[in-house]
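Input: structures, listed below.
One chain, chain A, appears in both complexes that follow, with chain B as partner in the first and chain C in the second.
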Partner chain A sequence: MPESTDIAIVAWGMTPMVRHTDQTEPGLLRVAIGQAVERAGVSRQEIDFTCEGSCDYISGATFSFVQNIGALGAWPPKRDSHVEMDGAWAFYEAWVRLLHGDIQTALVTGSGRSSTAEPSLIYPMEMDPYYLAPLGADPATLAALQARALLDAGKITERQMAEVAARSRRVAQDNPYAQVRGDFDVEELLASDYVRDPLRRHDLPPISDGACAVVLATADKARELCERPAWVSGIAHRSEVHNPALRDLTDSVGTRDAALAAGLDLSADSIDVAELQAAFSHEELLLRASLGLSERTEINPSGGALAANPIMATGLVRIAEAARQIIENGRQKTLAHSTSGPCLQQNLVCILEARP
Partner chain B sequence: MARTVETVIQFPYKRSLGPVFGEFMTALTHRRILGVPWGDKVLCPPLEWDPYTAEELTGDLVEVGPAGTVTNWTWVGVPTAQHPLDHPFAFAHIRLDGADTPMFHAVDCGSPESIEVGARVAPRWRAARVGSITDIECFVIGEEPVTPEADGGGAAEPVTLMDYHVAITYNNPVPANAERSVEAAGRQVLLGQRCPECGRVYSGIVGSCVIDDADMGPDHEVELPQRGTVTNFTIVTPTQYPGQTETEPFSRCMILLEASDVVLSFQLVLDTPPTDIRVGMKVAAVWPSPAERASAGGAGGGLVGWMPTGEPDNSDPDLVNRIM
Partner chain C sequence: MSEPCAVVGVGQTHHKSRRRDVSFAGLVREAAVRALEDAHMTWADIEAVIIGKAPDLFEGVMKPELYLSDALGGAGKPVFRVHTAGSVGGATAIVAAHHIQSRVHRRVLALAFEKQSEGNTQFALGSGRGASLGAGGAFAPFMRAYIQRSGAPEHIGWKVAVKDRLNALRNPHAHLKIEDISIEKVKESPMMWDPIRYLESCPSSDGACAVVLTDQQGGKEAAAAGRPPAWILGTAVRSEPGNFPGRDPVRPQGAVDCAWDLYRQAGITDPRHQIDMAELYVPFSWYEPMWLEAHDIAERGEGWKMVDRDETALGGSFPVNTSGGVLSSNPIGASGLLRFAEAANQVRGMSGAMQVDGARVALAQAYGANAQYFAMWVVASSLQPFG
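And then the complex of A and B:
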């Protein structure tokens, strides 16, 4: 008889996110996984399925995820999988795997040492190989085009962008894992120079090293391992056209479609906390509007990606933070968002809830 | 902060262009810009398929531009090595006259005050054009394309391939265990680590047991035997690609160290034709001379390779399975 296929997050772990660490990527994963399995109260050997998100281009080694398996405790041999994407998509795969109902627990990771090389030189390699990559189309440039589209359409202001950055850095002071934190004056932020007009330094994410791990379990096991599991009530992702020149950059249709597919009722105003993977300040404003989130929803109490951006883990951190809000902070319903590709090309939405 | 090792990885991609990209790139060498009919619109730069429905776009390519209108822009104050210009410039979305979608490209216009949405721009052509989006060096403000005086002219044959070469520099910290391993190699010692919990012995630098996650440091180090047996091997016949330095077939062997469970991967057996390498062959470690060590800079763990000892082979039929 298969287990009930209700699935919940029961534990999480993450490293402090820093500009540069001497830790190897498997070393970072050992820390994050060690925390996660300890919180769950299980050994690495008891985990039924593992799935990791990481990127060879970031680490500069082919099959680098094979090294990372050393942090998983893969003996006796395990069911294991890997996605060359943010750990949020590894989370999606683990959720799908648990839906089969024949296993009870899964461990998901996301990891990256962005300090190993220059992300602005690596990212163009994932762009359209004919028309964008040869020009060195870097993420800050493409994000700046989206910001200008939003500004020109009158949907956001540079002041609102600076307010997002100031709020992120302020709340990050309460997050021991965050990297960029402190009290910043919006007027002073607005007086600084552009890095990519209309983006200023505060509108851009930091470069971060770090890893995150999450333990998932099916219904009975979840209740056994966690007093207040964060139940996955829905998760979905949607991809749009790659080249930003061919998209309406003033909306994120894919985010909204993913949220609807994950079961979000846009009119219900039911989300207590949303952790959005907005690596650029304007993306938070766009995502908030695309999801129809009201003032009632607290956005990125962790500080979000503007406070720490460990590439390949940033999205999974959003899921871990949204789960913490239920497991530890007594919230009822939270939303996590992750993204991949230029200008929010592909978006994942995960809705978590507490259950009696 | 730990010492770091710098590695430059080159990605020398060669791409087939196919009918639509090929015709577009060929036209660029002739200083013409083409778009593809897309319903009642024109898509430029052209694609083989509708980006929304994936239907094949079958219409004949049509000439657009060369001038166009800026629909969006940003300013790059500090260009990267991959950018098309080495001084400050704008990246922009440019809708060429006759096209309905914008093209992403650079605009060389001196300062951000010189560009705005609605600005008119035209291409500045590269003198030596090969069939690449970078045949357009950039756009400039105004209606008139700029062609260099010593123009190289268009391609005589249709362009069917494009090169994309990127080099990324990586700096990896050297873990403390690895430093000690390199130091030991300088003393002609092969270092391993024994897990304090499960007793498994690992070669070199792992730092933690992959089975039970126990930390391993200087207290857990052991000297590994320097004689062993080939358990398995492969012969690599090198294909030539950019950066390939090998020209002749060579071996990569798995070597089980004597009186241990440690198998070293991908080792080189010296002074032996690849066809003579066999499972069960007994070998001994060969260290570099002091002069060789100085020139190698301590890289690669220190060993030159393994020399056959001439002892009788190990005939254990299960030996071939020992690859880890």
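And then the complex of A and C:
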């Protein structure tokens, strides 16, 4: 982990997350980016580097990200990059780029319109094309296998899963960007039918359209642009073996390794808030255990991915929400997590902190 | 101050229309293993893997880096996926270099590929909705505009095609090997997208390319062991919107800005004379003089004259695409990285029959989408080639 350049999040923006919008993806990005640069108090032209995260399969078009640069204001031409990954990884690329120290600001986005397609038909196409994709297992099916492994190992209960779902949707009532909110009774949730045994409807994320944008800056610039920047104290990501059958599904080793590489002291109990990309209720329980987070750490006060799941932006929203806890809510140290692939194959952990 | 970065390993597949003998994983592994062998490294030495490829719809596998993580030794490591349209191979090398230059990692594997035979690129370019112009159709108006603007004679395109195809005969990995290539043969080939004839167009290839990058210490160790590294003097990327009133797609501002950002980093003030050779992304013949001008290697309207005087031929004063270029091998996502890798091999003195005598400084470039994404690097045989 290099210690040279200090980098912080200074501003964020996001669209309301909705089941379906008729806005185009560049339209969503225009809103999110507009908010972010306005909060930062910079123009699009002043941004030194941009990096976007999006996915052609989600958008339903080849080169879909090319249209998105219209929302960046990439004129004069910009230092710009794009990852076919969640915006959280675009954030990672921007962090790496800012470490060079020759530029001062970066704008990162994540965007997706899952409503344009049927995720259960699209997602099997991200699996090994020879042995796994032909099975047609959708994300809910794969998640159910992981939930079953956790239940059978005695590490979680269906009641705990329902409690996660109820809590997420309850706190989401305070989040104007969330999509699924309300008061749900755990007993009633547990009485409902399975969608994919052992997952019930409440254990699943919604289908969401939305975009998120984050502005980063190097040390002096960050202090100039933001009263209380959210400093990136560490960030790292790890991949694991692709085939879920070859992994211990009752642990998220990659998440823990990423957190350690990002400098998290698992015994310090230092995290005030963790925003975890847990699209399925059991994933929150698993991630919490894998990271060794105690009861002290508040998990997903935004409602998390169970309240809004704009795929390709969901992870970046976690980073933005973790940053807000420092910038706006006076918290000291927060953690954001993002994931990609079947049963949490790839995981990214970003640790943010306030500094005097 | 960023960490100096060196290329110490290069590997590529034998590019073909159809690599039915290998899976996706087999294809990428072939290139990666060759790069590791070249670098005298094993999988355990690699700290992170950066994967690039063009649109996932080309093969019908979404986010294939998830599946390819295993084949590239990615389990337990960071695996990162770049996608910046046709420039992606170049962007992959640059993102990998950034991981070294920022001191996040010490040894990184950059890999890019395309297995075009698994799908239908033309179909995918239209997002499966049909009526795709294809890349040739999209770029033909820009090439016509260049011809009109520069007054270049029509044989310039044919000359580029013949030169690159002759160069490909010296490249053991090239896809197209047309032994009896001639101006007459190009000229008589069918018109595809006026002014581009069949033999002035890139093929559709399966292939992969891999590059191992390391820091100053790693580069020096390789040099001390008698394996010359290619030192990166600069990297640059630029993007601009593809369509708006007043945009010049023949000499895109992004191409100009990207080149000068790069030259500034590399200490280059006279690219035509300070750079010894270039690997430029030329999928259609006319793009060679167009990029020579847009990157200010040639004066405005003079790029085609460099071609006409054979200056860009192997043995000329400014050889371009001695590997045969994209015109001879086009695994799309890898096509950019191949440019970057071939340029590195030139300054390492490892280009075999394609070697440019005394090449010390080499330029590589890739572009994408509506000629609106640019990725470039300059590599050299030493960190201070200009003294």
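The criterion applied here is as follows: the second predicted complex is superposed on the first by the 352 of 356 C-alpha atoms of A that agree within 3 Å, B and C clash if a C-alpha of one lies under 4 Å from a C-alpha of the other, contacts with A are read in each partner's own complex, and residues count from 1 in each chain.
Everything below uses one rule, namely that contacts are C-beta pairs under 8 Å (C-beta built on N, C-alpha and C of every residue); 3 or more make two chains touch, one makes a residue touch a chain.
Fair warning: this is a prediction, and the values are worked out from it, not measured in the lab.
Considered on the superposed chain A, chain B and chain C are sterically incompatible, since they clash.
By the touch criterion defined above, A:A74 lies against chain B and chain C together after alignment on the C-alpha atoms of chain A. Once the two complexes are overlaid on the shared chain, A:H100 sits against chain C while remaining clear of chain B.
In the superposed pair of complexes, A:G60 makes contact with chain B and with chain C alike. Contact with neither chain B nor chain C is seen for A:L266 once the two complexes are overlaid on the shared chain.
Once chain A of one complex is fitted onto chain A of the other, the partner contacts of A:W89 are limited to chain C, with no touch recorded for chain B. When the two structures are aligned on the shared chain, A:V241 is found in touch with chain B and with chain C.
Of the two partner chains, chain C is the only one touched by A:D257; chain B is not. In the superposed model, A:P129 lies in contact with both chain B and chain C.
Stretch 225-233 of chain B is the one among 117-125, 225-233 or 297-305 that clashes with chain C after the shared chain A is superposed.
Comparing the two complexes, residues 57, 60, 69-70, 74-75, 122, 125, 129-130, 132-133, 241-243 of chain A contact chain B in one case and chain C in the other.
Within the complex formed with chain A, the chain B residues making contact are 1-2, 7, 9, 11, 13, 15, 17, 21, 45, 51-52, 72-77, 80-84, 91, 93, 101-106, 112, 117, 132-134, 162, 164, 166, 168-173, 175, 206-208, 210-213. Interface residues of chain A, counted against chain B in their complex, comprise 20-24, 27, 30, 34, 44, 57, 59-60, 69-71, 73-75, 115-118, 120-122, 124-125, 129-138, 141, 144-145, 148-149, 152, 194-199, 241-246, 249. Chain A contributes residues 1-2, 4, 50, 55-57, 60-63, 65-66, 69-70, 74-85, 89, 92-93, 96-97, 99-102, 122-123, 125-130, 132-133, 236-243, 254, 257, 340-342, 345-346 to its touches with chain C in the complex. Residues of chain C that touch chain A in their complex: 1-2, 23-24, 55-67, 69-70, 74-85, 91, 95, 98-99, 101-104, 124-127, 236-242, 244, 252-254, 257-258, 261, 369-370, 372-374.
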